[in-house]
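Listed next: structures, encoded as C-alpha cells.
You will see two complexes here that share subunit A, one where it goes with subunit B and one where it goes with subunit C.
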Partner chain A sequence: MELILIPIITGIIAALSGKWSKWVAIVGSLAGLVITAIWLSKFNADGSFNFVFDRVWFSKAIHFKTGADGISMVLLLLTNILSPMIVLAAANKHNTDKAALFGLIVIMQGALNGVFLSMDGIMFYIFWELALIPVYFICALWGENNRFVTTLKFFIYTFVGSLAMLASLIYLYSLMPEGSFDYQALVNVALNETQAKWIGAGFLLAFAVKIPLLPLHSWQPDTYTEAPTAGTMLLSAIMLKMGLYGLIRWFFPLVPEAIGFYTPIIIAAGVLGVLYGALIAIRQDDMKRLVAFSSLSHVGLIAAGIATLSTTGIQGGILQMFNHGINVFGLFLAIDIIQSRAGTRNLQHLGGIAKQAPYLAVGFMLVMLATAAVPFTNGFPGELLLLKAVFTKNAIWGVFAGITIILCAVYMFRMYQFSMFGTAKNGIYLFPDLNMREKLLFGVLVIIIISAGVFPQYLLDLCGPSVDKTIKIIENTVGVIS
Partner chain B sequence: MKSLLVVFLGAIVVLFVGLGKKETKTTPLALLFIGIALALIPLDFLGKLPWSFEKNVPVDMLFFDKISLSFTAVLLLASFLVFGLFGSKVQVGSDLLGLLMFSLSGGIILTASSNLVMVFIGIEALSIPLYVLAGSRKTNLKGNEAAIKYFLMGAFSTAIFLMGCAFVYGSTGAIDMETIYRAAYTMEHLKAVSPLLIIGTSLILVGLSFKVSAFPFHFWSPDVYEGSPNRATVFMATIVKVAAFSAIFRLFSIVLMDLRGESWGIVVAVMSACTILLGNIAALRQTNVKRTLAYSSIAHAGYMLMAILVSPEMGFWAILLYSFAYIAASVIVFYYFNEISSNRDESFEAFNGLAKNNKFGAVLLALSMFSLAGIPLTAGFAGKYSIFSAAFVEYKWLVFVALLGSAISIAYYFRIFKSVFFTEGDAKVNTTAVSAIFLGIAAIVILLLGIAPSILTNLSVFKF
Partner chain C sequence: MQNLLLIVLVPLLGFFISGVFGKKLPETITGWISSLAVLVSFVLSFMLFTKLSADPTTVKQFLFTFLSVGDLNIAFELQADRLTVIMMMVITGIGFLIHVYSIAYMHGDEGFYKFFAYLNLFIFNMLILVMGANFLMLFFGWEGVGLCSYLLIGFWYSNLDYGKAARKAFVMNRIGDLGLLLGLFLIIYQFGSLDYDIVFAKAAAAQFKPAVLTAICILLFVGAMGKSAQIPLYTWLPDAMAGPTPVSALIHAATMVTAGIYLVVRCHVMFDFSIPARELILYIGLATSILAALIGLKQNDIKKVLAYSTVSQLGLMFIALGVGAYTAAMFHLLTHAFFKALLFLGSGSVIHAMGGEQDIRKMGGLKKAMPITYWTFLLGTLAICGFPLFSGFFSKDEILAEVFAHNPIVWFLAVGSALITCIYMLRVFVVTFLGGFRGTEDQKHHLHESPALITVPLLVLSVLAVFGGLLNIPALFGEGFSGKLTHWLEPVLGHAEHPHLAVGTQWMLLAVAVSTLVIAFIYVRMRYVKGGTVPEVDADQQGAGKLLANKFYVDEIYGTAITEPVNTTGEGLYKWVDRKIIDGLVNGTGKATGMFSNILGKMQTGNIENYLLYMVIGIIIIVGFNLFK
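Showing the complex of A and B:
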C-alpha cells in the first residue's frame, strides 16, 4: 500500500514543484527504497504472501489487495533500487527545467510497485496500464525527432495486448459461480483445454508484447532509440520485467491446463529471439540500438528459461531479471554520458575515450563484462542456471541458446572497443571524466554487480520457496512436469 | 417530479425575463434553476421510492422511480456543466437558453415515462427546441444544412416510432408499459409471441436509434454536429443521447426483457458491434476535430447499446456509470474545442502547443481523452469495464469487437494529444475562474468515479 501511494503522491508533488522537483523526486523514490529495505528485513521467505493489505474497491468482486512473496520482493528490490538511480541519472544539466520528467519517473515507480504487489486481477490490470502512461509521456515529450510515431506504435502495441488480457480476466471471472478477481480464486478455477488456450492467448499476448517475444518485438528497437535516456532505462530495466513477472505469477498458474500447448511456443520464440537479437546487434552502429537488440536477446533467454517450468529455470530467470535490469541501466547510463559529451553515439564516429576518461572506462568495462556474463559478475550465475534449464528441457534449443554467450561477447566487445579505444575521430579531443554524481552512480552499480556476482545465493533464497510453490500450483493441475 | 417542475418553471421564467430585450445575461438564472433541480434529486432519493414496476405501486403516465431519478441526475449534471461552460462568455439570447431548458424538461419526461405516449411527448419536447437551435446561426450555410437534416431525420424517426407504437398497441392492446410488460411475459411463456409485437418493437428500436445515432441510423450525426453551433452540438451529444438511452433502457431492458432471446437481442448486438466499429474507424480518417468527436460519440453509443443486452440489474449500473463518464469527458473536450475553434479553425492543428500556454487545460484534456479511451483510474474505464464484464457472459464476440474498437480509438484520441502536447504552436485558451470551477467539477466526476466507482453502486443498490 505505502509502496504504491508514497511514490505516486510525491511524483505528483514533484511534477508541480518547479526547480525543486528533482530533490522531491529523489526523496520520494528513496522513500520507496527505504520501505523496501524495511520489508526485506521483516520478510518471511516461506513462499507465502507477506504484508497483505485487503480492502473492497470497485465492488465486492474487485479488491484492492496487495501482498509480496519472494518473487515480488526481488522485483520490488530492483524497481526501488533503480528508480532513485534513474532520477539521479536524469538530473544532469540538460534536464534542469523538466520538472514533470522527475515527477513522472517517480509516479512510474509507484505504478510498477503496484504491478508487482497486486493480488487481484483487475488491480493488476489497472496498474499494468497505469505504468504505461508515465513512460508514454516521458518518451513522447522528450524523445528524439521521430518520437510521436514510435511512441504511438509502442502505445498501441501494448494497449492491444492489455485489452486482450482484460478479456481473458473477464472470461475467467465469468466461469466462476461466485465471481471474484482474487488471485487465489483465479488460480482455483478449473478449465478445460479449449478455455485454457483462449484465456492463455489473451494473457500471453499482453506479456509477449511487453517482454518482447518474437514476433511482437518490432516496437522495441525504435522506441528504445527514440526515447530519452530516462525513458529507455525505465522501459528496458524495469518495465520489460513486468511481462516476465506476469508469466511466472499469472500466466502459468492461471492456465496450467494449456502449458503443453504454450511452453514449446514460448521456448521457441525465446530462443529465436536470442539468436535474432544477437545477430542484429553485431551489425549495429547506433549504441542505443545495439543495446536494444542485445536486450531482446537476453530477455528471450529469460523467457525460455521460465517456460521450462523447472526450479532452476524460474529461479535463474528471476535472478537474471534483477541482473539484466541493473546491467542494462549501466549500459544506457554509459551511452548517455558518451552521447552528452561527444555529441554522438554512433560507433563509427567515436573512439579514444578511454585515455581521457579512465573512470568511465573502468565503470563501462565492468558493466559490459557483467552483460557478457563473465564469472564473478552478476550476469554469470543467472545465465548459467537458465542455460542449464533450457538444455535439460531440450538439448538442441539449449545449444542454440548457448551461442548467446559467444555472440554477446562479440557485440559487447565491439561496442566497447570502437567507442573507448583507438584514435579519436570526429574531433573528440576534450572528454571530461565522470563528475561526482556519475561516480556515485557507477560506484553503486559496481558494488551491486560484484556482490550479486559473488553471492547470488541471497536472491535465490529469497525467491526459492515462492518458486517451488508456484511450480506446485501448476503440478497440482497437470501432474509432475518432466 | 419536483425537478421536472423546477426545470419547466425555469424555462418559462428565463424565456420571459429576456423577452423583447436584445441582449440579456440570463445564464446565472438558468443555472440557478438547474442547480435547484439537481439539489432536489437527493431529497427524492431519501423518500421511499419504488425501483421499477414493483407490485402494488400504482403506475402513472409519468413514473418517478429510482431509475428515472438517476438518469435525471445525469441529465441535470450535464446541463449544469453545459450551461456553465457554454453560456458565460458569449451573450446568449434568453430565448435560446429557454429553448435548451424546454428540451431538458423533455429529456426528464423521457426518463420517467411509463407510457408510450409519454415517450413520444418526451422525444418531441426534447427534439423540437433543438431543431431550432441547430439552425440558430441563420446566415451559416452549414448551420442551415444541419437544421434541415436534423429536422427531417428527426421527423421521420418519430413517425417510425409512432408506427411502432401502433403495432405494439395492436398486439398487446395497451400503451402503458406495465401492461405491455405483462403481455410480453405471457406471450413468451405461452411460446406465442405475436409477430405484430416484434414488428412494433423493431420500429420503436429504429425510431430511438436515430436519436442515439446508432448504426445504421447514424449518418445524419456528423453533418449535424458539424453544422450546429457548439452549444447545441454538445447538448445533442450528451443530454439527448443519455435521455434517449434511458428510454431504450426502460423499454427494452425492463419492459421487453423477456423477448430479448426471442427477437431483439441479436439485432441490438449486431447494431452495437457495427456502431462501435464504424464510429471508431470513420473517426480515424477525419481532419476536422468536430467530426472526429461526432464519430467518437457514435462509437460511444455503440458501447452503451451493449448495456441494453444484459440483465437490467447489471445493465442499469453499467449504463449509468458510463453516462456519467461520457458526459463529463465530452463536456470538457467540447469546451476546449469551442474556445479554440472560435479563434482559429476546427482542424487538429488548431490545438498545437496548448500544453505550453495552458497547462491546466492540457491536463484536463488529457484526463478526458484517457477517460473516453477507457484508460484505468478514469471513469471511462470503470464504465467500460462494467459494460464489458456484464456483456461477456452471453455475447463474448461482441466484447471482443468492443475491445478492438477501444484499441482503434486510441489512435484518434492520441492525435489530439499529439497536437496538444508534442507539437509547437500557439493555441491559447483563457479560462475564466467560473469556467475553471465547472471544468473542475467535470474532472472530479471523472477521477472520483474512476478511482472509486463503488460510491455509485453503494448509493443505489439495485434490485428487482
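Showing the complex of A and C:
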C-alpha cells in the first residue's frame, strides 16, 4: 500500500515543485527503497503473501488488495533500487528545467510497485495501464525527432494488448458463480481447454507485447531509440519485467489447462527471439538500437526459461529479470554519458574514449561483461539456469539458445571496442571522465553486479518457495510437469 | 589443514592493489607487489606439495553454496590433489618469473599498473580453474582466464587490429565454451551433479549410457579445442601474439592454453570409457600438430613461429591423451611450459633490444650483442627439438613410444611433425642469432643485452628446460630414478597399464628420434647457415610455400564461410524482415486504423496528450475516492 501511494504522491508533488523537483523525486523514490528494505527484513519467505492489505474497492467483486510473495519481492527490489538511480541518472544538466520528468519517474515507480503487488485482477489491470502513462509522457514530451509516430505506435501496441487482457479477465470473471476478481478466486476457476486457450490468448497478447516476444517486438527498437534515456531505462530495465512477471503470476496459474498449447509457442518465440535479436544486434551502429535488440535477445531467453515451467527455469528467469534490469540500466547509462559528451552514439563515429575517461571505461566494461554473462558477474548465474532449463526441456532449443553466449560476446565486445578503444574518429574531442554523481551510480552498479554474481543464492532463496508454490498450483490442475 | 583459499586470494588482493592504487604508486612498487603476491601463492603451493607428497589424500575446502535450485546444488569449493598441485606450481612458479620479467619489459608503459593488475587477475582465475572441486568452478576459471586473455591481447588498445585479435580470441573461446557448457548440462542430466567426486565415482562405476558419455566427452573436448587452440578453433592463438610478449609466454604458452589438457586429464575416468571420443582427440591432435608445424615453417614473425609451434605442441599433447597416455601428456605439458616460456621470453628480450621489431629477416647476428639471450634461446631450442637428455627429449619420447604401441602409422606422422618442428625452430634460431646483422644502423647502435630482471628469469627457465626431463625418465635408463611423475600421479590417474614395448623397440624409437634431429640439423645447416640465405619476401613465395606463408588461407575461409554469412544474415534480418515485413505490417495496420480514427478525430478536438492527461487525473481520482470512501 505505502509502496504504491508514497511514490505516486511524491511524484505529483515533484512534478509541481519546479527547480526542487529532482530533490523531491529523489526523496520520494528513496522512500520506496527504504520501505522495500524494511519489508525485506520482515519478509517471511515461505511462499505465502506477506503484508496483505485488503479493502473493498469499486464493488464487492473488486478489491484493493495488495501483498508480496517472494517473486514480487525480487521485482519490488529491482523497481525500488533502480527508480532512485534513474532519477539520479536523469539529474544532469540537460534536464534541469524538466520538473515533470522527475515527477513522472517516481509516479511510474509507484505504478510499477502496484503491478507487482496486485492481488486483484482489476487492480492489476489498472496499474498495468497506469504504468504505461508516465512513460508515455516521458517519451512523447522529451523524445527525439520521430517521437510522436514512435510513441503512438508504442501506445497502440501495448494498449491493444491490455484491452485483450481486460477482456480475458472479464470473461474469466463471468465464469464464476460468485463473481470476484480476487487472485485466488481467479486461480481456482476450473476451465475446459477451449476456454483456457481463449482466456490465455488475451493475457498472452498483453504480456508478449510488453516482454516483447517475437514477432510483437517492433515497437521496441524504435521506442528505445527515440525515447529520452530516462524513458528507455524505465522501459527496458523495469517495465519489460511486467510482462515476464505476468507470465509467472497470472498467465500460467490462471490458465494451466492450456499450457500444453502455449508453452511450446512461448519457448519457440523466446528462443527464436534470442537468435533474431542477437544476429541483428551484431550489425547495429546506433548503440541504443544495438542494446534494444540485445535486450530482445535476453528477454527471449527469460521467457523461454519460464515457459519450461521447471524450478530451474522459473527461478533462473526471476533472477535474470533482476539482473537484466540492473545491467541494461547500466548500458543505457553509459550510452547516455557517451552521447551527451561526444555528441553521438553512432559506433562508426566514436572511439578512443577509454584513454580520456578511465572510470567510465571500467564501469562500462563491467556492465558489458555482465551483459555477456561472464562468471563472477550477475549476468552469469541466471543465464546458466535458464540455458540449463531450456536444454533439459528440449536439447535442440537449448543448443540454439546457447548460441547466445557466442553472439552476445560478438556484439557486446564490438560495441565496447568501437566506442571505447581505438582512436577518436572525428579528430580529438574533449571527453571529461565521470563526475561524482555518475561515479556514485556506477559504484552502486559495480557492487550489485559483483555481489549478485557471486551470491545469487540470496535472491533465489527469496523467491524459491513462491516459485515452488506457483508450480504446484499449475500441477494441481495438469499433473506433474516433467 | 592447508588454507587453499589463501592461495587463490593473494593474487586477487594483488589485482585490487595494483588496479586501485597502482596508478599512483611508482612502477617498481606496483610491479613487485604483484610479483610477490604470486610468489606467496607459489610458496603456499609448494607447502601443499610437500604435504601431498607425504599424504596424497585430496585436500578440500568448502566456501559457500553458489546455487541451489531444485535438485541442482553447486558449491564454491576448492580442492587440491597431486594433479592440481603440479598445475598450481607451474602457474605460480612460471607466473612469478614472468611477473618479474615484466617489470623490466613493461617499464615506461602508460598502462603499467593495469598490466600487472590483469596478470594477477589471470593467476587468480587460472588457480580457480585448476583448484575448483566441481565443473562449474572450472567453468568460472575457464571464462575468467579467457577474459584476462582478451584484456591482455588487446592491451595496447589504441591499435584497432590488436583489439580485433583480442575479440577474435574471446569469441573463438566462447564457441568452445558453449561446447563445455552443454557438456556440463549433459553431466547434470546423466550424473545429477557437477561435483568431481560424485561424477567420477558414478562414471567409474559405469552408471551411464555410453552414448551420453561419449557426447559429454566430445563436448568437453570442444571446450578444450577452444582454449587449447586445436583444429578448427586454433586461429585465434597466432593472432593473440598482438599482446605484450610476457603475456604470450604466460597465457599463450605455459598455462592457459594447457587448460584443455588439464580438463581431459581431470576427467580421465570418463574419457577412459569413451573410445570414440579419444579417437577423435587423437586425430584432431595429430592433424593440428602437423598443420601448425607446416605453417610454422614459413612464418617470419618470431612470435608467430612460436605461436604455431605452441599449437603444434598442444596437438602432440592431445595425441597423447587420445591414446590414453595421460601422464605423458602432463609430462609434456610441464616441459613445454618450461621451454616455451623460455623461448617466448627470449624472443621478448630480442624484440626489446630491436626496438619492437619482430621480423626475423631484419635481425641476424644477435649472438654477439646478446650473449645470455643467445645461449638461453639455444637451450630452449634444443629442448623443444628433443636434443638427447634435454627435457623435450624425454617428454616427446614418452608420447611417441605410447603412440607407437597404439598405432605405428600415427607414430610415423607424429615423428614427421617432430621433424618439422626441429626444422622451423632451428631456422628461427639461425636466422635470428647467427650470420650478419640486417637491421637499420639505428637498431644496430641500440643493440644491447637485456637487464637482469629479464635475463635472470631466462636463466632459471633454461635450467628447467634442460633438466625438466629428469621428472620422468623412462625405465630404459635405469629403474631407480625413473618414472617419478608417473609415480607421483598414480593416486589421481590410477595405475595405468603401460604398453610393453620390447627394449629393442624402445631403443629403435629413440634412434629414430635422434636421427630426425640429425636430419633437421643437416638441412638447416645447408639451407640457412652455409647458404646464408634469408627467408624470401612473402610476395615471392611460390606454390606450397605461398600456401604455408598464408596459413592455408584458413582465416580467409572462415571469413567467407562463417563471419560474412552471419553479418549478412544480421543485416538482412534487420533491413528486410524486421523493418520491411514485421514493422511494415504493423505500420500498415496502424495506417488503416489511422484512417478510421481520422473520421472520429473530426468529431473531437485537441491532441492525444490532453486526453491522456485527463485519463490520468480521472484514474487517480477514482482510485483515491473508492479507496477512502
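One rule holds in what follows: the second predicted complex is superposed on the first by the 481 of 482 C-alpha atoms of A that agree within 3 Å, B and C clash if a C-alpha of one lies under 4 Å from a C-alpha of the other, contacts with A are read in each partner's own complex, and residues count from 1 in each chain.
The criterion applied here is as follows: contacts are C-beta pairs under 8 Å (C-beta built on N, C-alpha and C of every residue); 3 or more make two chains touch, one makes a residue touch a chain.
Since the model is a prediction, treat every value here as computed from it, not as a measurement.
Student: Now for A:Arg283: first (subunit B), second (subunit C), both, or neither, which partner does it touch?
Tutor: second
Student: Using the superposition on chain A described above, determine whether A:Thr311 touches subunit B (first), subunit C (second), both, or neither.
Tutor: second
Student: Touch check for A:Arg147: first (subunit B), second (subunit C), both, or neither?
Tutor: first
Student: Pick one for A:Ser174: touches subunit B only (first), subunit C only (second), both, or neither.
Tutor: It touches subunit B, and subunit C stays clear.
Student: If you stack the two complexes on chain A, which partner ends up touching A:Ile156: first (subunit B), second (subunit C), both, or neither?
Tutor: both
Student: If you stack the two complexes on chain A, which partner ends up touching A:Arg414: first (subunit B), second (subunit C), both, or neither?
Tutor: Only subunit C is touched by A:Arg414; subunit B is not.
Student: In the overlaid three-chain picture, which partner chain does A:Phe58 touch, first (subunit B) or second (subunit C), both, or neither?
Tutor: both
Student: Figure out whether A:Ile126 sits in contact with subunit B (first) or subunit C (second), or with both, or with neither.
Tutor: So A:Ile126 meets both subunit B and subunit C here.
Student: Specify the partner with more touching residues on subunit A, choosing between subunit B and subunit C.
Tutor: C
Student: Just which bits of subunit A does subunit B share with subunit C as contact spots?
Tutor: On subunit A, the overlap between the subunit B and subunit C contacts is residues 57-58, 126, 129-130, 133, 137, 140-141, 152, 155-156.
Student: What residues of subunit A sit close enough to touch subunit C in their complex?
Tutor: The contact residues of subunit A facing subunit C are 8, 55, 57-58, 64, 126, 129-130, 133, 136-137, 140-141, 152-153, 155-157, 215, 217-219, 221-222, 276, 279-284, 310-312, 315-316, 352, 354-355, 369, 374-376, 381, 384-385, 387-388, 391-392, 398-399, 402-403, 405-406, 409-410, 413-414, 417, 420-423, 454-457, 460, 464.
Student: Sort out for me which residues of subunit B touch subunit A in the complex.
Tutor: Going through subunit B, the ones touching subunit A are 370, 375-377, 381-382, 385, 388-389, 392-393, 396, 399-400, 403-404, 406-407, 410-411, 414, 417-418, 421-422, 452-454, 457.
Student: What residues on subunit A touch subunit B, complex-wise?
Tutor: 56-59, 122, 125-127, 129-130, 133, 137, 140-141, 147-148, 152, 155-156, 159-160, 163-164, 166-167, 170-171, 173-174
Student: For the complex, which residues does subunit C have touching subunit A?
Tutor: By the definition above, subunit C touches subunit A via 64-70, 72, 136, 139-140, 143-144, 147, 150, 154, 157-160, 163-164, 167, 170-171, 174-175, 177-178, 181-182, 185, 188-189, 566-567, 569-571, 573-574, 578, 582-583, 586-587, 590, 593, 608-609, 612, 615-616, 619-620, 623, 626-627.
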